[in-house]
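What follows is subunit A paired twice: with subunit B in the first complex and subunit C in the second.
Entry: the complex of A and B
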């Protein structure tokens, strides 16, 4: 099968996005360094979400024995390649650890709670854990990708069996490491605070973002002369998954915030309280409306899910909202009086930078492999796929 | 679905399918059925007797005390509501996920859901102590002055969530039954024409199936409407599956009791409910297929799939346990940490470790293809998981309460024989209904099985 050629136009656009992203961060450091550090972390975390989201999608489809999704599985399998850039960004985060994490300051020893958390929240432990997780993600993601590519030539059941086993291991490791990494990278920004739902909340956001990104990438590739096998039947199912995770996110968000409000425990409520003050007073309700209510209303339509040119608009919007959610998670530790509205030109620039990096890496990797997992025994089922309702 | 024959193909004619599934309903029950029915009816009567006694004597007959004011009744309530999750999950969520293997197990699983929710509903009723006052929780216009229900109480949300779930599940189940009831009616009509329906019992049954099949004719138009309705009901039932145990978890999580207040509770409870529900479906299906010789319909492949779901949901539950411990360790909150250390080492550590062995360790046997296609192993695991899930609720309810903030208000909870009697009797109550069901209504959705078979025949004809 002929591999895909990335048109120069798309390449240039994505490179321009990367330039915008880097420019925004550099400019950000000159204006408000503290905020730019938070922006860098948001960029890193969003790229982790996108990269692991691809692996999550691929492994979910593999372990559930899904047939319909074979034609769209190659692109998410390649998302792992973004993690090399994440590796670079993580080094930057390590260098800026004092600008981001209160617990890394020497004064933390005098803070009763932080002192008690020192066994977990200390610089050495943080660095080791993050490097370990990143190494595991790259190893597992590459393993899954390589077995899948190997299957293109072997075309047999036994390679598929191995692939399913790798996918099972991937999803299990992903569940624990992504949760723990999110505690380290994001939750510990506000180290006095904790809530158990946090790990599910970030997962809900990950799945939401991953499905948005998948729809967009498939559409872009298809518009530029490849993946003709994907039709409205497949878009319909991807749209349904996006709808499902839009609802799931709302369910998790509601449960977390309602229980926080109801119990009203000091160490827990502070998180939400901080995000309803100053610039956040408008931001947070807007997040709830545009992350859930609006996409939910659109995605209910069967018509829309079956029209790629319409679905892509919703997916582009939800991808953006996935990023806004990351801002919501990361920026809470900043002085809310100082930052004003937590979304400015810099965050917009970072968003473009993130999709530029992710899009460029994934699409560029895509030109080097078969467009479809041609050796998958379920390929025919996926090609013949049509909706019965 | 692509047009190809599936591994679930039966290669049976419609006539054979009807005969296989309906024959238990057309014969007089055998000795085995009567034996189990009488035992379970006896247990149910014992439970009703004990409940009656607590009404007369008071809740002092139970082991509850201060601070453990929620005892086994609440444990049992959460346990049975949890069991009641699998049925609608199979019929609604697996339907949306196009899982064809659900066809032969959905009917019995839905029936089980309804009976489990009925059993669960008993417990809050008898737990309140004065059940004749229970009507207070219904928000109807009343003349008791400004007295109104407390809409901020999760106990009230429970009433709404469970009654809504019960109603929708019942409608969904009944609507699925209509074509099959019409099938029973038409078979009886044939006998009627031949003059074979003479006894009073048979006449009564004929009248019932005629009324319950609400004039189903099975025309193309009827089926179009029917399919649309199933889709709509499935979509409506899906959020309800999640909402019920979410609201049950709110009963605990809205409080400020360490061990109860955790925001992760909603999805954690739902995963646990699906886990235990599937285990119960597996137990019942293994018995039913054997007793009614339905092995061709509920094949080892179906049981294997259920085993895989048990493995996956079991690992989700393990994940939630792990996260609870991770966060307790991270919290730097002495009370929170104590609760979890107490679970591991305290006086109820035996309950925790039973739960751990049953819920965290046992599902991992399902990794092996050999074990998950072995009926004896599946049967044992399904029972072990249910024991584990009962203990999970015991651990959550009892261990979080028995040590209050000050040691002077620490008290052990020791269930009395009345507590145990009601628990055992609740199984009798549940099986009483289930046994009645398998003898009166088709326990496999005949119309759906025929439809799948039809698709397969068509696919074969087209040479795919």
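Entry: the complex of A and C
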């Protein structure tokens, strides 16, 4: 089977996005270094979300034995390649650890809560954990990708069985490491805050972002004359996944904030209180409306999910809102009086940089492999896939 | 959203087999191909019988999308409005009590209840709708398959238009098949 060729136009656009992203961060450091550090962290975390989201989708489809998704599985499998760039960005985060994390300051020893948490939140532990997680993600993602590519030539049932086992291990490791990495990278920005729902909140955001990215990538690849096998039936299911996780995100968000509101405990309310004043007063309600209400209303329609050119618009919007959600999580520790509205040219530039890096790496890797997992025993089922009413 | 035309046509609005031909074929794939041929030949009244749902058949048969989803939506909205008015009456009008320093009308606390009532109403309406629209259990008129084996391992196409046996043969083309008159089906009274 002929592999995909990345057209020069798309390549140039994505490279331009990367330049915009780097330019915004560099310019950001000259204007407001503190904000630029937070922006770098948001970029890193968003790329982790996209890369792991792809692996999560692929392994979820494998361990559930689903047939419909085989034709779209190759692209998410390649998302792991983004993690090499994340590795570089993590080094930058390590350099800026004192600018970002309050618990890394020497004064933390005199703060009761931070002192109690010191056994977990300390610089050495943080660096070791993040490097360990990153290594595990790259190792597991590459393993799953390589077995899947090997299956293209072996085309047998036993390779598929191995692949399913690797996917099972991936999803287990993903669950633990992504949770702990999110706590380390994002939640510990506000180390005095207590919650038990943070991890599931970021997981809901991960699935939401990853499914949006998947729909967009499949559409771009199809526009360039490849992956003809994907039709409205597959878009319908990807759209339904996006709808499901739109609802799931709202469910988790509401549960978390409703319990915080009801219990009214200082160590919990501080998080939301900080995000409802100054520039955030407008930002937070807008996030809730445009992350959930608007995409939900659109995605309910069956006709929209079956028309790729319409679904892609919603998916592009939800991908952007996935990034805005990351900004919401990361920027909260900054001085709200100083930053004003938390979304400016710098964050927009970083968003373009992130999609440029992710899109370029994934599409570029896609040119080197088969378009479809041609050796998958369930490929026929996926090609014949059909939705009833 | 479903249109009024679709609502009128609805699901399960096909004809009852009363006369015509029964064509037995070997597989679900042959049945699908045969039904496509029948449709292309311009036959108005026809239907298929199979022991399991066959993908793609609903397009050939021209079965419209079910309006059950609309029933579910309306019942869900009813459930939510009922819940909201009930809680509002109790908490704000009839017996206002302050809980934990919150206002009388504390909407975030109501959301789980409204959510559950929406689902409860929608679920009952959907199950009821399936029973009613599918004529399952509640109605005495059951649709009779032209052969008892159509619920076991046989695939048949019923052609209700007034055409000759030769025409049916021509329509089926190279698909392996057997043609019977509807009222003289050999399987009507047991196995062949």
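Criterion: the second predicted complex is superposed on the first by the 389 of 389 C-alpha atoms of A that agree within 3 Å, B and C clash if a C-alpha of one lies under 4 Å from a C-alpha of the other, contacts with A are read in each partner's own complex, and residues count from 1 in each chain.
FYI, contacts are C-beta pairs under 8 Å (C-beta built on N, C-alpha and C of every residue); 3 or more make two chains touch, one makes a residue touch a chain.
As the structure is a computational prediction, the values presented were derived from the model and not from experiment.
S.K.: Overlay done on subunit A, so just call it for subunit B and subunit C: clash or fit.
M.R.: Here the two partners, once superposed via subunit A, clash with each other.
S.K.: When the two structures are laid over each other on chain A, which of subunit B and subunit C touches more residues of subunit A?
M.R.: Of the two chains, more subunit A residues are contacted by B.
S.K.: Go through the superposed model and pick first if A:286 touches only subunit B, second if only subunit C, both, or neither.
M.R.: A:286 contacts neither subunit B nor subunit C.
S.K.: Determine, under the contact definition given at the top, whether A:262 touches first (subunit B), second (subunit C), both, or neither.
M.R.: both
S.K.: Just subunit B (first), just subunit C (second), both, or neither: which does A:22 touch?
M.R.: A:22 contacts neither subunit B nor subunit C.
S.K.: Look at A:194 in the shared chain and tell me whether it touches subunit B only, subunit C only, both, or neither; answer first, second, both or neither.
M.R.: first
S.K.: Mind working out whether A:92 is in touch with subunit B, subunit C, both or neither, as first, second, both or neither?
M.R.: The answer is neither, since A:92 touches no partner chain.
S.K.: Just one of 7-15, 97-105 or 169-177 in subunit C hits subunit B in the overlay; which is it?
M.R.: The segment of subunit C occupying space taken by subunit B is 7-15.
S.K.: If you lay the two complexes on top of each other, which residues of subunit A touch subunit B in one and subunit C in the other?
M.R.: After superposing on chain A, subunit A residues 258, 262, 384, 386, 388-389 contact both subunit B and subunit C.
S.K.: Which residues of subunit A touch subunit C once you look at their complex with the stated criterion?
M.R.: 254, 257-258, 261-262, 264, 301-302, 384, 386, 388-389
S.K.: Name, in rising order, each residue of subunit A that touches subunit B in their complex.
M.R.: That would be residues 67, 113, 116-117, 120, 172, 175-176, 179-180, 183, 194-200, 247, 251-252, 255-256, 258-260, 262-263, 265, 267-268, 380-381, 384-386, 388-389 of subunit A.
S.K.: Under the touch definition given earlier, write down the residues of subunit C that touch subunit A in their complex.
M.R.: Residue list for subunit C touching subunit A: 1, 53, 55-56, 58, 63, 65-66, 100-101, 108-109, 111-112.
S.K.: Please output the residues of subunit B touching subunit A within their complex, sorted ascending.
M.R.: Residues of subunit B touching subunit A: 1-4, 98, 227, 231, 239, 242, 246, 250, 253-256, 261-267, 315, 319, 322-324, 326-327, 329-333.
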